[in-house]
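Please go over the structures that come below.
Two complexes come next, and they have one chain in common, chain A, joined by chain B in the first and chain C in the second.
What follows is the complex of A and B.
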């Protein structure tokens, strides 16, 4: 069979930062992929020498859609250095803000950034559901697009009530939070969350959260789909029907290894259940077999990234971020570094949280089909089902215990080092911080997109979505929307463009930008 | 001659089922626009075109803009008859279509009424712009070619206005017409857009949603906004962030805080820049709800050309308890006497503040 390799250009915008992906296509199937971040912002370098608390102001500005998550990682690192445990009310308020940010990100990404491609005329006008997709997802006009913009905006008001504004507040400080809303405002937050929840159940799920949570297998999912028109017509139902028709359950496998740092530290006195001290468990999974997570196993490799080269991959407490732009030479092709766990490439994000948390539906999906685009995106779309109820519980507890402490005074930050490791909307986020004489001496950030969108490592092993692209069938090389779906299922925090090279020619690959 | 007019939609009621989506109508409008362009009747169009360009930034201004209310983003664009040619987070046009669009704008075949730039122009390393590229070319080239075609150029946020994050670093982050307080920037001090206006700087990190919406309204309706010396519209940048702060009474009587979690003024010790910088944060509330100072977070001065400042946040550099930087236009000697007397006159209920924020 004659191999075909042609140059193509794939729409991968609608993310934060700039990304360029080069692929080779042989016989209609992607055979090689390089993912390159094309923007260097150098936040880590800006941090050195600044005041000890400045990470609380600077790092939320790394990303406009996950600004609270950076704030959370930054403050947890400082809590550790200061040796302080925030009071229960601070835990509740911090968690609530982080959960609101995650929920709004999940629905916005799903509808405005992923499913909007279903309305792409060039790609899908032959798909039997295309007309309906257009009615739902047409940018700034489709029914679901309009609803999501309006409903997510209302939910965001909770973050503004707690933290003053969104994005880019700094209401989390070592020892707690800067204020607690008045009782009437807490009650208002509860109404906002409950209202959002009823919209989410009606429009996104088409059923109650309880009904959704009763789904424990792929068989259950099929039965749920057949159970009522409300299920089939909901965004989840439509997504599943469209995805199966488009074959999204058959592509985008990736490394089949998963990572979660765990998330949402539990207040000491709370009705919300969790694993150990957090609501969501940390873990490392190979397929659906979950192992204990050890932070010391994280390294960053820069063998293919545009940074001054070290001899071996190092832990982020030892890592440096010195840009080294050499033009188009050699093997360096990205501003994204290559983080690895136990030397392995891993996937992080909602699907990883589902697997590590032992969600039976998603474990069954992976055991049957392996990881895939549909499972990964469905995990994101339904993640709020696990968050909305605890949010209401914590708001109720805040109303009841409003008089309790929300801050323990931390007047100075002692010398030391600490890590803030949490789950952002897109997956595992870590800040590694060292403080000396009330100044920052070291700041390294590993974002979820670095895990998912890394370049190759010193062993030549592809990053997670580079790997997931391999084997993807591309029907029309002039509009390779399938490759876009694969990368976008990881919710890249980058603006992307996919290019294809002639086999064997690596010229023309270059520069990628990365929102860091 | 055919005149194109987009219908103003009623707000879609989302409480009970979803009626008409407007998407077919949008198609009709866009098709009609294309037809009009094909017939060379561009001057007749009522529709304004806008292009949103992403530079070196975090996307925060886009997410701020999505919090606009009355009207929201969708209602705003429809009401103003703005056709958003492309937004990096919201559009789904293919790269090929996007490339063609860019070529048409640069060649003058597609009119561009409003160019919005979010994020700085990354010029590093050493002026090459290679820290931020598109298809191997510096993205800054695109900023220049679009700005030269636009009727109005709007810098959305502090990074686009003044360079912001990275203006002192290797990435050489540059504002459209300023680097910090220095006029010039990427487009040069003499740049004016086709309408004759310089770049309109919507400072803020992020820029307040009401400011972005308001500036769009002005641009769409052909209203030239009066600008301050840093080209920020006086409409939103003539009063300080301090105006409307709920801690004003504490400030007035110099009831100060030196730790988090209290109700008093954050200016004297906690690094609050509210009295130092202009902005609408306490006049038009964020996300229709609050502001940082109301939630106990000091203002970080993000509308200032020198944001982020070099000195540590959460600290006020001061001499004997009086801040080095005094509120806009204040005489130091007078201020010290006034604050001394004010502190002595502070009412008991402020001094004994018991309830926490």
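What follows is the complex of A and C.
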């Protein structure tokens, strides 16, 4: 066995600073991988004993990117406990805010955190498209890099109008929302969304959303690429051409099992279509075969995490978060727990949403090549195609139905338990909450990055991106950009997976160590 | 002149909580002198950009590391912030140098006339938080020159 006993640095700081990945390499191919969240979060303990509504104020401050997302999960848990169904207009406003956050995150991650690696000189200066990648993605200078910041910034106005303040809105409350935007403000939101949509179609897709949605197979995708220079030169077109040349459709397979909690509860009276009561379906898929999702099948395994060891993995309503970082050194290696569904490791995120939603292009991609880095990242880049049109519809409905209710009175939160289970930009997010005497007695959060970046479980089965790293070819151990692509295709966010963000002047370089 | 005090940082992490602590102190001093807007910037990163395109003066309050002795306060100008060695690629909590470097390329309204960072080094006691809160109001009202 050829092992390389050399430590190297990978600038995973774009994926937060507290992730360490150790790998073993045999003959230039990753043969083993361990993903460690290196800092304790302790958030669950912080919540116990606080007022029933405090999750609405505390959890949005956990993360600078998924602020609205945590607010949504927190309020849905409280809605359930209070036994209240928010009125249609509240559904629309809550959904809109969450969709803005998702769309913004998708385009920023794609261009600023993933495709920026295409401009990496050491890795790609021999790639025929490297010069063009530099023009597009060079930090602070690339055309697309600057454009995406400008355009995604303009969307913030929508969150500010809906939320009544920016940042740190807590406009979602059990029973609905706290504000009723003026008609003029709603129209302003609609213009902002439509302008963003025009930019997205022009620059990201190179075609209309309708044209993109007509692509139903890999063959269709190839025909689309050949159809017009606008398609080839768009960010999606360029991404596909660059990725294929770099072999990104051949690496980063992962567990080939997918999970989505479903998302965006539908108003009772709306033109937006969905599956059941939500716009996006919940499900569990093995390859492209989708099964019914049952929340009771979720467990958290701590057999390889620095927590007090329990006897068996338990559901998050029964889970505890007691740090225990001594003893069993070697076996315990991460502050991230290992969530499992039906005892299995799963991947969550945009690709999971595409598979579970039955998107024919992504199902075809997986049936042909298996899950891979290119499919996973493409799913993120094009996810807004399914969100932007419903956003406009809901804004129109809000204008038409502004006289209807936005809130149903909830005077107190009764004793009970409830879960808020939604899709964050990075995948399945759940808050499991118990209330007694109007105080929080239990708060467990499972983040998308806990699903994707988990350590091994009691059966020794690797977490999703640990598994995805296996078989990845690393050309240059001093610049392991391929391993970075694999991990970044999951869009890791350790801020809420492990702890809260550390700022200041630290560079956040994360070590990709090689086993001795 | 329109001015704002934007307190940034993470109130759940002790070493990064100075900004939010100053924010909490300033909240108890409300109403602040006319024209000063107080913002809890938290971890909003790039999403603070809309607050930087309204002209006027912006005073950031944040924890810093390696600038002075623990418990002390340092003032940095716009130019000094930009010259801080740091990484200029985006991350999930893009820092202040990144924010200010990208601002001229993406702003829609009017750039601030003056940007100042009031940095708090290391663990800060009540006294330092109080001092920083008072200084931030003085700078917001009169600019760096206001400190005399």
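We take it that the second predicted complex is superposed on the first by the 479 of 516 C-alpha atoms of A that agree within 3 Å, B and C clash if a C-alpha of one lies under 4 Å from a C-alpha of the other, contacts with A are read in each partner's own complex, and residues count from 1 in each chain.
Here is the rule we go by: a residue touches a chain if its C-beta (ideal position, glycine included) is under 8 Å from a C-beta of that chain, and two chains touch if they have at least 3 such contacts.
Source: prediction; values computed, not measured.
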item	value
Which of chain B and chain C A:157 touches, first, second, both or neither	both
Which superposed partner A:169 touches (first chain B, second chain C, both, neither)	first
Which of chain B and chain C A:120 touches, first, second, both or neither	first
Touching partner for A:53 - first (chain B), second (chain C), both, neither	first
Touching partner for A:63 - first (chain B), second (chain C), both, neither	both
Touching partner for A:135 - first (chain B), second (chain C), both, neither	first
Which superposed partner A:423 touches (first chain B, second chain C, both, neither)	neither
Which superposed partner A:89 touches (first chain B, second chain C, both, neither)	neither
Partner, of chain C and chain B, that touches more residues belonging to chain A	B
Doubly contacted chain A residues - partners chain C and chain B	11, 13-16, 43, 46, 61-65, 67, 112-113, 116, 139-140, 146, 149-150, 152-153, 156-157, 160, 166-168, 495, 499, 508
List of chain A residues in touch with chain C within their complex	11, 13-17, 43, 46, 61-65, 67, 108, 112-113, 116, 139-140, 146, 149-150, 152-154, 156-157, 160, 166-168, 493, 495, 499-508
In the complex, chain B residues that touch chain A	12, 14, 18, 21-23, 26, 54, 56-64, 66-67, 69, 72-74, 77, 84, 88-96, 98, 122, 125, 130-136, 139, 165-166, 168-171, 205-206, 259-261, 281, 285-297, 300, 302, 308, 311-315, 356-357
Chain A residues within the chain B interface of the complex	9-11, 13-16, 18, 20, 38-43, 45-46, 50-54, 56-58, 61-65, 67, 112-113, 116-117, 119-120, 122, 134-136, 138-143, 146-147, 149-153, 156-157, 159-171, 173, 175-180, 199, 323, 325, 327-328, 335, 406-407, 409, 411, 478-479, 495, 497, 499, 508, 510-513, 515
Of chain C, residues touching chain A in the complex	8-13, 15-16, 39-50, 62-66, 84-93, 95, 98, 101-102, 105-106, 108
